[in-house]
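This is the structure, below, for whatever I ask next.
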Amino acid sequence: MATYIIRRLIWGVFMLAIVSVITFAIFFLVPRLAGATSESLATRYVGRTASAEQVKVAAEKLGFNDPLVVQYGRFAKGLVAGAEYDYGPGVEHCPAPCFGYSFLTRLPVWPDLLNRLPVTISLSLGAAVIWLIGGVATGVISALRRGSFFDRAAMTIALGGVSLPIFFTGIVSLVVFSYGRPFALAAPGGSFTPFFDNPVMWAYNLTLPWITLAFLYAAGYARLTRSGMLETMNEDYIRTARAKGLAERTVVFKHGLRGALTPILTIFGLDLGLLMGGAVLTESTFSLPGIGKYAIDAITNQDLPKVMGVTLVAAFFVVLANLVVDLLYAVVDPRVRLT
Amino acid sequence: MSESPEALLSVQGLEKHFPITKGLFRRQVGAVKAVDGLTFDVVKGETLGLVGESGCGKTTTGRLITRLLEPTGGKIVFEGRDISHMSQGDLRPLRRDMQMIFQDPYSSLNPRHTVGAIVGAPFRIQGVQTEHGTKKAVQDILELVGLNPEHYNRYPHEFSGGQRQRIGIARTLALKPKLIIADEPVSALDVSIQAQVVNLLEDLQNELDLTYVVIAHDLSVVRHISDRVAVMYLGKIVEIADRKNLYESPMHPYTTALLSAVPVPDVKRRNARERIRLQGDVPSPINPPPACRFHTRCWKAQEICKTVEPPLAELATGHQVACHFPENAPTDAVSGDTGTTVPA
Amino acid sequence: MTAPLDVSGTELEAAPEAVLEGSRAKAIQGRSLGQIAWMRLKRDKVALTGAGIVIFLILVAAFAPLIVGWLGHPPTDFNQDLISSETMAPKDGTAISWEHPFGVEPVNGRDIFSRIIYGARISLLIAFLATLLSVVLGTTLGIMAGYFGGWVDSVISKTMDVFLAFPLLVFAIALAGIVPDSAFGLSGDALRVSLLVFIIGFFNWPYIGRIMRGQTLSLREREFVDAARSLGARGPYIIFREMLPNLVAPILVYATLLIPTNIVFEAALSFLGVGVRPPTPTWGGMLSDAVRFYTIPHFMFFPGMAIFITVLAFNLLGDGLRDALDPRAR
Amino acid sequence: MSFLQLNDLRIHFPTDDGLVKSVDGLSFRLERGKTLGIVGESGSGKSVTSLGILGLHKGTRAKITGEIWLDGEELVSATPEHVRTLRGKKMAMIFQDPLSAMHPYYTVGAQIIEAYRIHHQVSKAVARKHAIDMLGRVGIPQPDRRVDSYPHEFSGGMRQRAMIAMALSCDPELLIADEPTTALDVTVQAQILDLMRDLQQEFNSALIIITHDLGVVAELADDILVMYGGKCIEYGTAEDIFERPEHPYTWGLLGSMPRLDRERTERLMPIKGTPPSLINVPNGCAFHPRCAFEGRTQGKADTEVPELLETEGGHLVRCHMSREERHAIWENEIKPNLESV
Amino acid sequence: ACGGGPTATPSQSGAAPAGGGAKAAFNAALTQVYNPSDKKGGIMKFANAGDWDSLDPADTYYGYSWNFIRLYGRALVMFKPAPGKESSELVPDLAETLGVPSDDAKTWTYKLRAGVKFEDGTPITSKDVKYGVMRSFDKEVFPDGYTYFNDTLDWPKDYKGPYKSKGVNVDSAISTPDDQTIVFHLKQPYSGFDYFAQLPATIPVPEAKDTGAKYREHVISSGPYKFDKNDIGKGFNLVRNDQWDPATDPNRKALPDGYDVRTNVNADDIDNRVLSGDLHVDIAGTGAQPATLGRVLTDPNLKANTDNPTITRLWYTSINGNVKPLDNLDCRKAVEYAADKVAYQTAYGGEFSGGQIATSLLPPGIPGHADINPYPSGPDNHGDVTKAKEHLTACGQPNGFETNISYRAERPKEKATAEALQQSLAKVGIKLTLKPFPQADYFALYAGKPGYAKDNKLGLAINGWGADWPDGYGFLQQIVDSRVIRETGGSSNISVRDPEVDKLLDQASLETDTAKREPIWAQIDQKVMDNAFILPGLWAKSLLLRGKGVTNVFVSDATGMYDYLNMGLE
């Protein structure tokens, strides 16, 4: 178990390294292929009014003339050991993990990312709770009442839910429930109150994004749960449980759901991991200042250090989620042996 | 042991160890000793039965002989040629002479292929041209195994288990092999259907001059079709003899126990039979018991059984046993002290 | 070479007792699994509806110029006479009429109906091609990983892990954003479409790849593969003749289910402004325009519904196919 | 009235392809302390019958008619809730594949404890003691340790023992074992059969053992019921079936088996053809397409369904041929072949 | 100074009672103070749809930011916080009086007010002002800002700003004879230096507290409010600065108790929240979103709470003479004639939120504006096809030609404009292909980079320009001076390359006499139009939403938005 975790951790770090290499290569290589020069890259750091001379100096100082490998090495070193930057009155130390400074804000990227994280985490965790409860409950009822009106209605809605892109449901829900409607469900987007400042406002501001996001996922989970339940309820061990004389409730929840839930847990972990790395569409639809919105803004502004940071943070969550899911799986399913 | 001149297949000290890896660098920490030193010959025209309990390495043996697996050690000689480590390319022509019948009639036929394609596959794979075309040849074989040649275009799922097994047999017969390894050819079938297939196998042997290695765990079936029988326990042969000797005067305690455990459809003798009941299950091949592997379950076991591995010795003509205290043995043949000592 | 098995003339004892023609024989006509699946699919009304819509959409996309030509409003033509100069909204709210069955866009008065129709082209084209790319890549690599095992499997599996760890959407947007306007000998819509196909398709393949790998692994355990090997079959024969036919069903199902995902993906990219360049109409792009005019609901309603219905139809069809092709279903 | 009595039990499944008559008019009775063996080919309705007795067809589309009397209570018409309370306590079942029949996520002990506590208001600790006790009784070594193992950590034989321990944890009066040894090796099978015999004697329960291995029933059963195509085609004491079988199918079964206790026969005598599909059961006698003596039924074979008639002393046979004819065939044509050379 | 005569502003507001009042009416805050009050207290809530470029006085280049920065920073000079025309007048702020030029207008001297302190209580000296200007020199640290001081002051050779050229004496550029006096030394005489002196760069910065690029996180206040919490990317709070002494400050009322500013808020949300009273001001001041427009303009009650000022901003399209066949004047003229001005206007949001159709460069609010219309676009402004075709023939392309049009991908209005031009030019056979580019690099790498634009045939480029201050120099210099064009890219001037224009510009900046200077601006305008380097689109207008319960609301002509300095709450 311990060696397994260590191995997975090492592989996880390695994977992040690969992700960073690829991201780096793409974001620094493709623009060059597209005709950008060291100078044009440096332009971003010195403003559009800088003289050619200044640009040249900046490019040299930022190392844009070095081979890509050297540049990556510097970047990687910054990640691991921090880096020094010389912009202001003194030399600025950017502690590890240092993704460098944003072109635009001239601030280190990492604290910025940390700052955004609570938003994304609040959004995804809250939505996750709703969709997990809603989706699984619907799925279980549907499976038990297979073919009933409830089942058919729920599954039709679920299929519809899966087919509705979030940016559409998001806008519709904003128009219907927010934008100053009398029956507003939530404050209009863009305002995030940290939980510890004011839990009520926190929840109020997130209600609409939660529901919208949860609807999309709940639909999928309802379908998953339903088919999982239908499958497990056909397992031999369910028959055994019944043969023991267990009450149907116990059979369904203790034996059936337990079996059906394990694969759902896996998918749940991965979905959550992906969302934590930036619910891009949701955040930009509801203009929540989270990682996803940050990513979009960074991309819009071609702010490469930010993009690198976001990509790596998002990848980190996926890798982490994978690991957690695997460990969890071993806990939930005693047949899984981690060696 | 000398190689009998007319042996079609000769297996010497055959071993297969599946590695078990562990840890950060996938270090090998052990091995499943699925097959651990098998030696036997198969003479042309005979049927050798291979019996043993689940997990004792029967299937592995079959797959080694057909070289679906690469042996870890030992030698497989087929028609005088050592094929133990022959490359798959060099094996290709030889494969015509050696075929395998599989246990599961459901998974051994590709559900997306027609019967014609399945039975015709050997021709296609081996690039064999037939006089009247492949289709005719296939239909002839189908007829041979008792299937309607008009079913050429049907799919496996349209056939019953017994019929499917016939299709599988037809496929192995296509290239007129000399040796057929049959891995539990009937154990997936209903009793009444088993008999059909057993009879078919026997008929084909007579007709086509085939040599069989039949793997099975059902002792009665093995007795019915084999000329000689080898009993395996944990990757080793514990006893090998011709049918009559083995069933009538088994020498190894394990064989005895095995025979007495078979339920017999005879109500009158229900309580009259003397039964030997073994304790526990077959131990794991990862950590097989030292020396005589059977000593953990053997009622005759003594100290020597835990330290000295009994060799497979010929105690009567054509009757080899690996036991320190064999039963039904000619008294002078008992050898309790030969063999290798296992360091403790 | 003569027949390896000469049976002509031999009367075999085995034959008579075994042939079992009876009442059953007639019941079974030579039906392949595909035919059975088709029979099942035909009974599934919901899936058929999905299939019907899909076919309809494909026809609409294919004949978009004809349909629009007949209605007479090119998708990029302005109709500013229908626009209120104060509010930029269509006069009387939507300007829905026989002329403009879905009304017109605010500001420039472009006909929404014809834009939806043309949008179908881009959406479907990109979704189909991207799916094709993913399926080809995913299947090839998945089968290779599953079949060859060992280090090939390790490399491919780990590559898939890495791909799956990428924040796909972020990455796609970023990539679509930095690729210049003409590159690789392409420009304009052709470049954008190829780029989107590449991005969507290239980053989706690991999903199919994983499934294919799993399927191949389980197929490899099936004895018919051993049977082929014991007959001396080489790798390509086993992969193409033995395995691939068994993978067609899952490939078909997952491809059908991947298409709607890709449609949404394309729409999302267009929505975020990195899709096909305007004024070429796309559904996602229209939605993104419409967001700014949320007080003019018909503008967002039609592209939203177009995406919804298309995605739903493909999902219905995919579900139906899965049920029909999966022997475990029902 | 007998302890267990089935009267004209029918279990039909409506499916898309047609009505599957899995069990079609089955009647038998069984007393406490007795063992009934049910044999028959795959798909002949053995499992469906046993599940029907336990009332476990809920949730499927099964249509059940007829009567099942258990200790004076009729079960087909009883409420599902009532039948549930009987399960586990009054009647219990052992399944064929103990690995899939046990929940993979719970320990063996937990599953036994659960079974025990449904019917006994005791603390967890007491139930655990009982579970350990039961595991010991079925011969699992170190039961106090193994009680916390998961099913996959047991070997096949141990799993089946645990399964038996679970079934017996509430001293059921009726125990149904559906192919309890098919998945096991012979040596282990022998252990399990011994165990079942001993336990049955100890608890004096009624035992139904379902198998397609005639050897197994011969070891255990007092009475034997042979099923074919959802119907009982022969019923009698073990002696009746093995010494004086009267149905051609039973003959076929005996002829198909290579036997260790006799001289080796030159050829086996298989039944031709394949088992019928339960949707298209052949007209008339379901067995006639495979019957070697179909010609001797005066053309009734494919028109009339033969009735299950008593030949002598409780020995029932479902065949168109007359008793004398059957006797003659058995004595002259079948029996000599079985014992030849 | 806003000397332009009557603007095109609709004059419904004339009916409003002079001296202002709380009676809501359309344009009620355009020419007078709406809802005047001296009531103190309350927290004003502002929101910004985008990210603030920077809060650092050295690094900010947005009109709204210059408007807002006065709450926490005092420059030497400021525009008068008063409605209408008056707002274009400069008044001293930190300085006691406006700048005192030397005779040749090459040195400008300011005397600081006494008793002004930073938020920590340290007195503000001329050194602090000097340091503020010095640090703004370093464009590597502060890339966003303007370069007026860099370009005009007489800096030592190779000066790189106080961070890199530590201890270098810059007295040649700025000298501080005593703590209250600061003198600016120019390379060349410049008559309008007071306009420079109102730039945020002259806000004092205490050198000891300067943290370089990080200073934005906590700017040391010299005004009535100081930073409390600052969460860059999300928003910040201002609270009262107790070291601010109203006695030193005649311009500021400092009514609210504090300010709460959120950034990166959805633009539509901002509008809705302003309408519902949840927010007081949309800080960007660019007007209502299109969705809001429909709502507000159709509802008389809502409309009464809006103002519709004209801004000193021109939306236009650069016609790049470097790209064939636009190197031919007639081809450029064909574009001028063919363009559908109404569609242009619609693309930007119509007459209320888009603007007034422009016929030349100089907006009506800029002194020197003259009504000229060199290329009348047909009777109903939908483009003059006949004239366009004539010129096409003249340029040798009778069937039209193909070229590209670039725009900023993130700006839907520019996209709509590009589409509109594509439509209208197609009528005469000019085929345009749309080329969106990311806004951040639009000038530095794409449209504004001559080499790139030429290679990629960016014949037309959607553009826009707002005056840094309401003056011909402030408006024109950056967009018509060919010398600001650099091969490295980055200039707003994409297309105007005319030595005569350059000459006229030089002439104007030497001209200290306003009356003589203003006609030169008109001359430049005419010249550029004659050469058809710019297709003027609109003189921008915006529909501003007046927040509920906000007092002292009025539009400043200098910025074209509400003046944020003296707003209060009811």
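A, B, C, D and E label the chains in the order they appear, each numbered from 1.
Definition applied: a residue touches a chain if its C-beta (ideal position, glycine included) is under 8 Å from a C-beta of that chain, and two chains touch if they have at least 3 such contacts.
For each chain, UniProt lists the protein as follows: A, C = ABC transporter permease; B = ABC transporter domain-containing protein; D = ABC transporter ATP-binding protein.
Everything quoted here is computed from the prediction, not taken from an experiment.
The chains touching subunit A (ABC transporter permease) as well as subunit E are C.
Hopping across touching chains, the smallest step count from subunit A (ABC transporter permease) to subunit D is 1. Chain pairs C-E and A-C differ in how many C-beta pairs are in contact, and the one with more is A-C. When you average the Cα atoms of each chain and compare centres, the chain farthest from subunit D turns out to be E. Annotation: 25 Å between the Cα-based centres of subunit A (ABC transporter permease) and subunit C (ABC transporter permease).
Distance from the subunit D centre to the subunit E centre is 92 Å, each centre being the mean of its Cα atoms. Note on chain placement: the centre of subunit B and the centre of subunit C (ABC transporter permease) lie 49 Å apart, centres being C-alpha means. Centre-to-centre separation of subunit A (ABC transporter permease) and subunit B, using mean CA positions: 55 Å.
In subunit A (ABC transporter permease), the residues that reach two or more other chains under the touch definition are 35, 179, 300, 302. Shown for subunit D are the residues in touch with two or more other chains, namely 270, 272, 274.
In subunit E, the positions touching at least two other chains are 268, 410, 438. The touching residues of subunit D, when paired with subunit B in their complex, are 41-42, 141, 155-158, 185-191, 193-194, 212-219, 238-239, 242-243, 252-261, 264-265, 267-272, 274-275. Of all the residues in subunit A (ABC transporter permease), the ones that touch subunit C (ABC transporter permease) in their complex are 11, 15-16, 18-19, 22-23, 26-27, 30-31, 33-35, 159-160, 162-165, 167-168, 171-172, 174-175, 179, 274, 277-278, 280-281, 284, 292, 295-296, 299-300, 302, 307, 310-311, 314-315, 318-319, 322. By the touch rule above, subunit B contacts subunit D in their complex via residues 53-54, 160-163, 190-196, 198-199, 202, 217, 219-221, 223-224, 243, 247, 257-270, 275, 277-278, 280-282. On the side of subunit C (ABC transporter permease), the complex with subunit B involves touching residues 1-5, 7-8, 10, 12-21, 25, 28, 30-33, 222-224, 226-234, 237, 242, 245-246, 248.
Interface of subunit E with subunit A (ABC transporter permease) (complex): residues 47, 51, 53-54, 139-147, 162-163, 210-217, 231-234, 262, 264-266, 268-270, 272-273, 275-276, 410, 438-441, 443-445, 448-449, 452, 486-491.
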